[in-house]
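Multiple structures are listed underneath, in structure tokens.
Next come two complexes built around subunit A: one with subunit B, the other with subunit C.
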Partner chain A sequence: MTEVLDERSLRRSSAGRAARGLLRSPAVVVVSVVILLVVVLFAAAPSLVTSQDPFAPDILNKLAPPSAEHLFGTDDIGRDLFTRIVYGTRASVLAALVAIAIAFVVSAVIGGVAGFFRGIYDSVLMRLVDLFLAVPDMLLALILISALGVGTVNVAIAVGVSMVASLSLVMRSTVLRVMHSPFVEAAKASGVRWPRLLVRHVLPHAAGPVLSLLTLEFGIAILFIASLSFLGFGAPLPAPEWGNLIAEGRNYMATAWWMIAFPGIVIVATVLSANRLSHSFSERGQTA
Partner chain B sequence: MVRYVAGRLGHALIVVWAAYTVSFLLLYALPADPVSTMLSAGAVDGSTVSDADRAAIVARFGFDQPLIVQYLRMLGHLLTGDLGTSIQTGSTVTTAIGAALPSTLQLAALAIVIGALVGILVAFTANVVRSSVLRDVIFSVPPFLSAIPNFLIGLLLMWVFAFQLGVLPFRGSDGFEALILPGLTLGLSLSARVGQVLGRDIQRELRTPYVDVLKVKSLSRPKIVMTHVFKNAGLPVLSVVGVMIGGLIAGTVITETIFARPGIGRLLQLSVETQDFPVVQAIVVLSATTYAVVNLAADLVIPVVDPRLRRPGRARTKVE
Partner chain C sequence: MSENTVVEVRDLVVSYGGAKGGGNAVDGVSFGVDRGEILAVVGESGSGKSTTVRALVGLLASSASTSGTVRVHGTDLSTLSERRLRKFIGRSIGYVPQDPVLSLDPVKTVGDQVAEVFRVLRGHDRAAAKAAALDLLERVAIPDHEKRYRQYAHELSGGMCQRVLIAIALASGASVIVADEPTSGLDVNVQKRVLDEFVALARENEVAVILVTHDLGIAGERADRILVMSGGKLVEEGKPGEVLTNPTHSYTRELLAAIPSTSRTPLIQSRLDEAVPDQDAGPAAAIEVRDLRKVFQPRSGRGEASSELVALEDVSFSVAAGRTLGVVGQSGSGKSTLSRIIANLEHPSWGSVRIEGRDVHGQSRKEQRLMRRQVQYVHQNPYGSLDPRLTVEQIIAEPLQAFGLGNRSEIAAKVAVLLDNVALPRFMAERKPAMISGGQRQRVAIARALALTPSVLVLDEPVSALDVSIQDRVLRLLVDLQTEFGLTYVFVSHDLGVIRLVSDDVLVLRHGVVVEHGSVSQVFAAPEHEYTRSLLEAIPAITKVH
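Coming up: the complex of A and B.
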């Protein structure tokens, strides 16, 4: 579904201008894109980036500081930290993407139906959303994890579901804004039926803001998932994730600062890049 | 006015009921089995529990009854202040929460003070500074802070003040010294939200015509912001209080885990891990109640502070 939207938006809507606009935008945006591409590369093909084994211990070199051989140093049993971060990227990024996918599909349906058809659908769906808004995101995710059990997949589901309510509100208001624009009124007046109205007129114009929103939500999901993984609800060790790597490093932080510094820098860089990119999407969308 | 208060009060009650219902549905309607979790945790030597004993335990917690019966029974207990029994420890949930609450309240109080002070300070200086470069830098502080996970801020503070400088304890909950680092951790992440919202509000307010009049009267920028703009821009912040409470709950789970403080957040983390559903649900209802009460207070204070909203029957415009 995202791909369909992307294709369409690249051709016609503000997001297309946004993507083209990237080429002549300031260096910060370029750096952000590069960082995100590197992260995607880590996730897609970790073995291309590093030749070492994320699980192979090397007791003689335990807690070694960063060096040419071990770029980010080693952990308490001598595993290469850079390798573990690279392999941990896959679980963390995939979990964030799954969460976003769940949140996007469900909230697009809820917000889309509520905003497009209005009336009774709107009232019923929005009351339902209100029900879930009564529980803060983090608590909702923790409730779901207690019911589903721990693990990367369950964390992704929990984060995805807990993002649905607030995202539905945004989706609804995005659709409503498009629905109120003159060209939609004109289409309605000239007797266009609702399926065509939705596909030809409403969705393409909602795609730009939604793309910006989803990029932002990606950063939020990364933070959220890292926190839950840090608390021990993600993959059990020794499987690496960005969050549990830091939890592991916590026990050695007095001597081995690199064990929390490097995973931390990777998380912050990813989130800042996603935020920056989202910002430039919405900026271009507005001015263009 | 009576109608307004009654409406707000009703809304607060609905929030608490909604939190109770959502958490009940997710915890008890999904196919999870807390009794098995408890039994497997208790079985040290791998011995198995007979089916009869198992059924007795299930019956004791009422898990064998239809969902709707469980729902109504628990709701009834809740109304009389009975939060149920912990599956893990067997003691009442009220006891567990009562023991954890003071520590969390201290932490939350300090965090709110730090969060509000730092947030206001950042928003204020960002709008007053003359150099546009410096202004951009200060404006980017709150978004930058909110991109750093809470636990990383905590660990960084711990590394600097406990391990490098050795001036503050890195864990525990004895005395005020042990409260400073957790308070800063939570407070800084709250300040990011406050700073962002307030900074934006002040910025918007500075573009209004009355500010132009004040500029013509050659008032200095800090003075305009402090004495005139702040009053108007500060109001929406009262509504952000709700958001703050949400962040506070998420923050205590992480902060208390890092600094090993025996509070509500730590209790929640342990209860989620052991699938102790009654405790999880009680904490959800407790935080929803806090959220509802604080928002109710804000809703009731705002018309007093802002005369424009005092006319009866007119709902205040919701921020965000």
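Coming up: the complex of A and C.
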């Protein structure tokens, strides 16, 4: 009896181990990096990747399935889907970068001040953060957009602000952990004043974990922005964005699967790659 | 090999990281262990002792490559597949790890963890496993074992956790138990008790024990045979009597000489001989502590009446300038809290600390900061107290920069002098903490503390993280620096042997209360309090070697 159980649990755990091993394998990390580099290339120089025009209709070829000429097929007025995805990358990635930049700066200040000075600053800031945490992120972003108006930049700001609360908590706890390390205490005992303590000892050590988190947040921001763009809060059509491409494709789901499948795959691949890369950063951080 | 041999190791070589030029971690080690024998493997960190035993239990890092044969009950381990190997080792070799609290599963009761071994390895059913586990917990001398069975690791003390781990090792029914520094994290008193019980139990069950330790005293008192390792090689082997009284290898002799045993001459002997300190006529008190009290208020979740934790209770003493006060006690005795209050890293709840007549805590922030130039603090752990991102030079220069003592080149010159003071070569200035050894790190920490030319140095277990021979060198350095700069030391340690080597006076703390305070010669010759006596007995007695 125990023997059987033993065997089964052994097999299960070895399957799990194989899956984990695959995810940790350098090949997966390399693939992730390649995917992200391709995305960056799309964003930086779309005209290098495709020679077609993202806005030029070709009514004769509308809703054409994927072929050599149209890699990802065409949409309802015959625009090349691959080209539209490539041109949509810039708006989506830039928006995500702006969002995490906002989230990082604001949360670094909030979490840093709360963790470093403690006391009343900590209490007030953390209660504020709690307040924001109580509102679902999506709802918060929607509220902000209805105040700011639609548009890619506004979506980025809304997403950035809605990520601040949870990032602040991470920032604070990282700073707190560093503050408790003996070398910070040793510096205090040496008579080092607080600005120097913060700049020289606390921030450099808090930066590492936060950076790996930011990579993860990049993936989340992409997803978030695509969702808002899908709902129609991003750039107005016909400007392409990953999210609104899917929204367009929704109407033709039954006849033209590629219109929603390819933008979806691109989003999923980007998010997963960012996720994987973030994990490998934090694993490296632990072993280093 | 004889009938009785349970473990046989032949030409074991372990190296890390492939063809790196760093040499082998274990270099051609051969030995055997007989049934029921207690074998001690002794050596300093980096000697390869842990690597050797980890090779036995299959716990080497995946980057390690090994050669040589290990036979357990005549079976060559290299002939087994990985899965069979794990099972075979699980049944034939018990393992007691170093860190008791981290080695237990935090979400299972300790009793279940012992019972699990009976179920998995011996095929007991639930009830039988529980009964066997309860019986075993009683045998490893866990008081109230029926209640403890249902508790979790965090509810038990370190000593209790280590007993549970010993029970787990015994439960497998293995004929060999490998214990890797099983008690190094425990207090001396507890250490002695747990080890004695463990060895007695092993003898009773005819289980062979391979005890890895850096402490020759521990090895000498319990083992049947001692192996001394250095640089991955076996340098000496023999019965404790032979090895300890008549060591053939120079390394063993060095190790023995460095042990702070009671037979050694104190490092400050010349000062002790000089004059019998007269309390009234002696030099002015550098440190005066009055009615010191520290109470911690643990946060309680659900509005329960929070019980106060008294860390220090009415502690009063004074230390004359240029002398050393040794503060001893077990963990939780409040000795660290006391040192931190003196160094103004914590505030007292009551009472005062005066250094050269000035109240440490009762001043403005600005004055408190200025006081740091007089009182400096050296942390216990040189691995944590140096910022890993900075170079040695930047670390030592930090206090000088903080107080604006000189321009760039003046500070660089001072750092060079400080490195000389702590006997570190000047080229070390460029290195980062990760690139220097533990002893060198502690020297850097001492240099940093000296940078502000303080008059008082508070040392919290400054040598307890170091190997004995390095410990000895750092202690000598501290004594030299004291004479050179006329420093006053507060020296906190759990190790009375170390205290005796460097202190003029001793303060014994227990549960935050001073139970004994007097000169070293008084306290060591005629301890008044029972607690002091038990601490003294726990110092491993090693006969004088010459």
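Here is the rule we go by: the second predicted complex is superposed on the first by the 263 of 288 C-alpha atoms of A that agree within 3 Å, B and C clash if a C-alpha of one lies under 4 Å from a C-alpha of the other, contacts with A are read in each partner's own complex, and residues count from 1 in each chain.
We adopt the following convention: contacts are C-beta pairs under 8 Å (C-beta built on N, C-alpha and C of every residue); 3 or more make two chains touch, one makes a residue touch a chain.
Remember, predicted model here, so these are calculated numbers, not experimental data.
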Fit-or-clash call for subunit B and subunit C when the two complexes are aligned on subunit A: clash
Which superposed partner A:134 touches (first subunit B, second subunit C, both, neither): first
Contacts of A:223 with subunit B and subunit C, given as first, second, both or neither: first
Touched partner set for A:180, first subunit B, second subunit C, both or neither: neither
First, second, both or neither for A:143, with subunit B first and subunit C second: first
Which of subunit B and subunit C A:275 touches, first, second, both or neither: first
Contact breadth on subunit A, by residue count: subunit C or subunit B: B
Partner chain in contact with A:196 - subunit B first, subunit C second, else both or neither: second
Single subunit C stretch clashing with subunit B - from 91-99, 109-117 or 433-441: 109-117
On subunit A, the residue positions that both subunit B and subunit C contact, one per complex: none
Touch list for subunit A against partner subunit C, complex: 2, 6, 10, 181-183, 185-193, 196, 200-201, 204-205
In the complex, subunit B residues that touch subunit A: 14-16, 18-19, 21-23, 26-27, 30, 32, 143-144, 147-152, 155-156, 158-159, 163, 245-246, 249-250, 253-254, 257-258, 268-269, 271-273, 275-277, 280-281, 283-284, 287-288, 291
Subunit C - residues contacting subunit A, complex: 83, 119-120, 123, 343-345, 369-370, 372-373, 376-377, 379, 381, 384-390, 398-399, 402-403, 445, 448, 451-452
Subunit B-facing residues of subunit A, complex: 130-132, 134-140, 142-150, 219, 223, 226-227, 230-233, 246, 250, 253-254, 257, 260, 264, 267-268, 271-272, 275
